[in-house]
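Should a chain be cited, it is by its letter among A, B, C and D, assigned in written order, with residues numbered from 1 in that chain.
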Amino acid sequence: MDELHWKTAITSVEPNRIALRGYPIDRLMGTISFSQGIYLALKGELPDEKIGRMIDAILVSSIDHGATPPSILAARTVASTGAPLSSAIAAGVLAISRLHGGAIEEGMEQMLSVARRADAEKISEAEAAARVVAEAKATKKRLSGFGHRIHTDDPRSKRLFDPSGELCLAGRHLNIAAALEEALAASSGKRLPLNVDGAIAAVLCDLGFPTSVANAFFILSRVAGMVAHIEEERHREKPMRRIHPSDHEYDGPTGREVK
Amino acid sequence: MDELHWKTAITSVEPNRIALRGYPIDRLMGTISFSQGIYLALKGELPDEKIGRMIDAILVSSIDHGATPPSILAARTVASTGAPLSSAIAAGVLAISRLHGGAIEEGMEQMLSVARRADAEKISEAEAAARVVAEAKATKKRLSGFGHRIHTDDPRSKRLFDPSGELCLAGRHLNIAAALEEALAASSGKRLPLNVDGAIAAVLCDLGFPTSVANAFFILSRVAGMVAHIEEERHREKPMRRIHPSDHEYDGPTGREVK
Amino acid sequence: MDELHWKTAITSVEPNRIALRGYPIDRLMGTISFSQGIYLALKGELPDEKIGRMIDAILVSSIDHGATPPSILAARTVASTGAPLSSAIAAGVLAISRLHGGAIEEGMEQMLSVARRADAEKISEAEAAARVVAEAKATKKRLSGFGHRIHTDDPRSKRLFDPSGELCLAGRHLNIAAALEEALAASSGKRLPLNVDGAIAAVLCDLGFPTSVANAFFILSRVAGMVAHIEEERHREKPMRRIHPSDHEYDGPTGREVK
Amino acid sequence: MDELHWKTAITSVEPNRIALRGYPIDRLMGTISFSQGIYLALKGELPDEKIGRMIDAILVSSIDHGATPPSILAARTVASTGAPLSSAIAAGVLAISRLHGGAIEEGMEQMLSVARRADAEKISEAEAAARVVAEAKATKKRLSGFGHRIHTDDPRSKRLFDPSGELCLAGRHLNIAAALEEALAASSGKRLPLNVDGAIAAVLCDLGFPTSVANAFFILSRVAGMVAHIEEERHREKPMRRIHPSDHEYDGPTGREVK
């Protein structure tokens, strides 16, 4: 045994036997969804179906948002030079950082700090949210997870939180997100609705994920869209073209309905 | 309109309206699985549930294979320096190339060439497979997708192809994979069973995916396991430790059963 | 000793003693240039001053070519999201592939094949070059290293090969490059002068470098320019701006003279 | 003119005329060293020869430090999978982050804060250094740039600061580095000499570089060593081997002398 011997609790591999978090992987195949598998890999426990569907909804929500985000432009730019798929994906992933995707992690931190504050100071979540918003205003810090450059009423966050919907987990951090939105509106006189990053942040808090994996969900989801863009760049465009970051139009199918 | 104006058929984005391949994304959320969403992003069409389950099975199969593969070691090595999540993931993705994960793309090319050859030369798939194996032998080229360093009988490929299972698509390239395995055994006198890369290759051929996206499925799947390893590295190990590539042991739960 | 014990011939590290290819690194510092150090690291031998100056000239030639190349756009796009320096550089490096920078490697392969052919078929280099050009024409393969989208007469390749200049190594592959340019003009009726990639390819062949390190010189050189662009993006532009790939103008100092 | 029109002050490109920071690049070739070119790209001014030699010394100092640093292990791990050069380099660069190479940036920030404090509080640099060290101790923050896991007396920092040497710039931040070393020894009772990261930090402060480019010098320098390791991995080792992070030995030339 080498002095560098170490331990891992993720996967055991023996001849003809692979177990993820203790479950034979061939038994998981065909039984659980990829989303449940992601949850199992990260948390070490199999989620029930309701949580599995919530992870599915989160991961579907962020697959793509058109060709303007920097992750897509970086991936297309690298793909355009004839680079392999993994290089184009890696470049796109590197663009998912503080200002692009990072709002999920910051949003989680805010919501967790409202919860901690409500507990520590024995005040309501509404009061704790008001104090966090007041402090952010005093230090000129912008709150993450509210408002959107394009959408005044983000259909994705609405869907995640529709109380009549079967998705909604109705956890504590959903209430905190609503309290923050309220406090923000009271403080600024302008309502900035929870955006999809903020909504995902609240769900990940409710599911007990640490902030350090926040970006993983956005990255996993967006890599799927990225591959679609890389493929389109390879098959539809000339190599080494100059890629305009916003002057493009959609010419695919429209008005399709989900049954 | 800029002279660089261009078109894309993936996602349309208007205020409060985002549509992936023509479907409102908020309607997809809660209705389809992430795996179906990936298929939709890449192919432009919603898969039926059977295909959705097959994509789920493929993506679950490759989430993780322990801490020895280079993608995991590269990701852990970068995570160990205090780098952000996206940097560690990007490094891991870059290790998925010709010799690691690449067998899926090569396997697809082989199977497609057997199919083309059977059609062009009006011979059986068994005969076409035998010719492809003979040529590979003559040029000392190794066939991809057969045999495994550790598993003599890969439980993952068995699961994907169990004819009694509900997963099996029973498509043409499954037959071709079997024909190649047979021809290989006849030629070398030694049976190398189809491994998980070969099995995924056959399924992707049957689903009509181009070889250029082959690695995307492996990358998407393995990024999930990568995040679990990055998190474990960050929370369980000392920063900047020296990571032994193989002298580690599993100490997580064992013997769990999927209900 | 672990069964994975291995050997390396690059650098020995002992307490208070570091030697690169056998030379104490503190003795190299202040004595050799970085370019000579790069040569030493890659070849294992210290170059003389003339070769050191040639490496300097190559590395200076490719530091930057404005903001339009994909490596710069990828690096700026990632920098614009608030990502760390190493992430932006990594994304830029990933854009240096087959169609961007890759002409150096392909150019080297062509020149080496002309040399091998002249030797094997006992013909002149001019004749070997003509045969290589004819075959490329027959198979519709484009020769790398000739012509430029913007420059009809690349000042950088002229400088590397000016026979009156002190830089010029006047080696065999310089002659081969000239023979290829000649054969190309005879075959197409149009003169495409050797570009900077082709010139660097000829020099690297003359210096005995393997084709596998060809891109290393371009990458090392361009990373310097990339850092200048990343810094400019961070300090001069708004975060998350949309970066037009070509509609920009130069507003720095002009008409400066090198003494 | 597109509404996204923007400006850059790095390089102007016209047909047959490329100027870096206003200097024709073909005139720079053969006249300045690569190190001077890097300084020009980053600062916008040509350095004199003394500064050029200092940049050379810095860049030579960090070319390589053996096969154990995570940047080298990440690069070798990716190279071992058959990935292209740019992928292996990108993975290596991504490992240069907070705990590996990051000490240069942190060291610069400390030295600049000592200088600001001495100016603002009208105290000596020795006194300012003592206060910075005391505060670091109180908040259990480790100072960057002092001490080394292997070297008790780093030959590289000695070389950069040898007052009898022609390299030494004898600037303010050299004094501050010495004052910090002194204050640290007085506070802890143990002398931790300035390491190479700390020495480079002091030089970069003296040369007026912003902290945001600190890592660029380390990255540029180490990419050179990285390429040597990638090449050695490709040509000397089996693909997909398991790379022990420390159990390797040097078998190259020894005892060579720089004339």
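Note that in this section a residue touches a chain if its C-beta (ideal position, glycine included) is under 8 Å from a C-beta of that chain, and two chains touch if they have at least 3 such contacts.
Only a predicted model underlies this, so the values are computations on that prediction, with no experimental measurement involved.
Student: Quick one: which chains contact chain A and chain B both?
Tutor: Joint contacts, listed by label: C, D.
Student: When chain B touches chain C, do the two copies use mostly the same residue numbers, with over half shared, or different ones?
Tutor: Answer same: the two copies use largely identical residue numbers here.
Student: What's the rotation angle, in degrees and to the nearest 5, for a C-alpha fit of chain C onto chain D?
Tutor: 180
Student: Report the chain whose mean Cα position is at the greatest distance from that of chain C.
Tutor: So the farthest one, by centre of C-alpha atoms, is A.
Student: Could you state the distance in Å from the CA-based centre of chain C to that of chain D?
Tutor: 23
Student: Taking each chain's centre as its mean C-alpha position, how far apart are chain B and chain C in Å?
Tutor: The separation of the two C-alpha centroids amounts to 35 Å.
Student: As a quick test, compute the distance in whole Å between the mean CA positions of chain B and chain D.
Tutor: 40
Student: Spell out, as numbers or ranges, the residues of chain D touching 2 or more other chains.
Tutor: 2, 4, 68, 83-84, 86-87, 90-91, 94, 96-97, 242-247
Student: For the complex, give me every residue of chain D touching chain A.
Tutor: It comes out as residues 2, 4, 83-84, 86-87, 90, 245-247.
Student: Could you please specify the touching residues of chain A with respect to chain B in the complex?
Tutor: 1-2, 4-35, 37-38, 41-42, 44, 46, 53, 55-57, 59-61, 63-68, 84-87, 89-91, 93-94, 96-97, 150-156, 158-160, 165-167, 210, 212-213, 215-216, 219-221, 223-225, 227-229, 231-232, 234-237, 241-244, 247-258
Student: Can you tell me which positions in chain C touch chain A when the two form their complex?
Tutor: Against chain A, the touching part of chain C is residues 2, 68, 70, 73-74, 77-78, 80-84, 87-88, 90-91, 94-100, 102, 239-240, 242-246.
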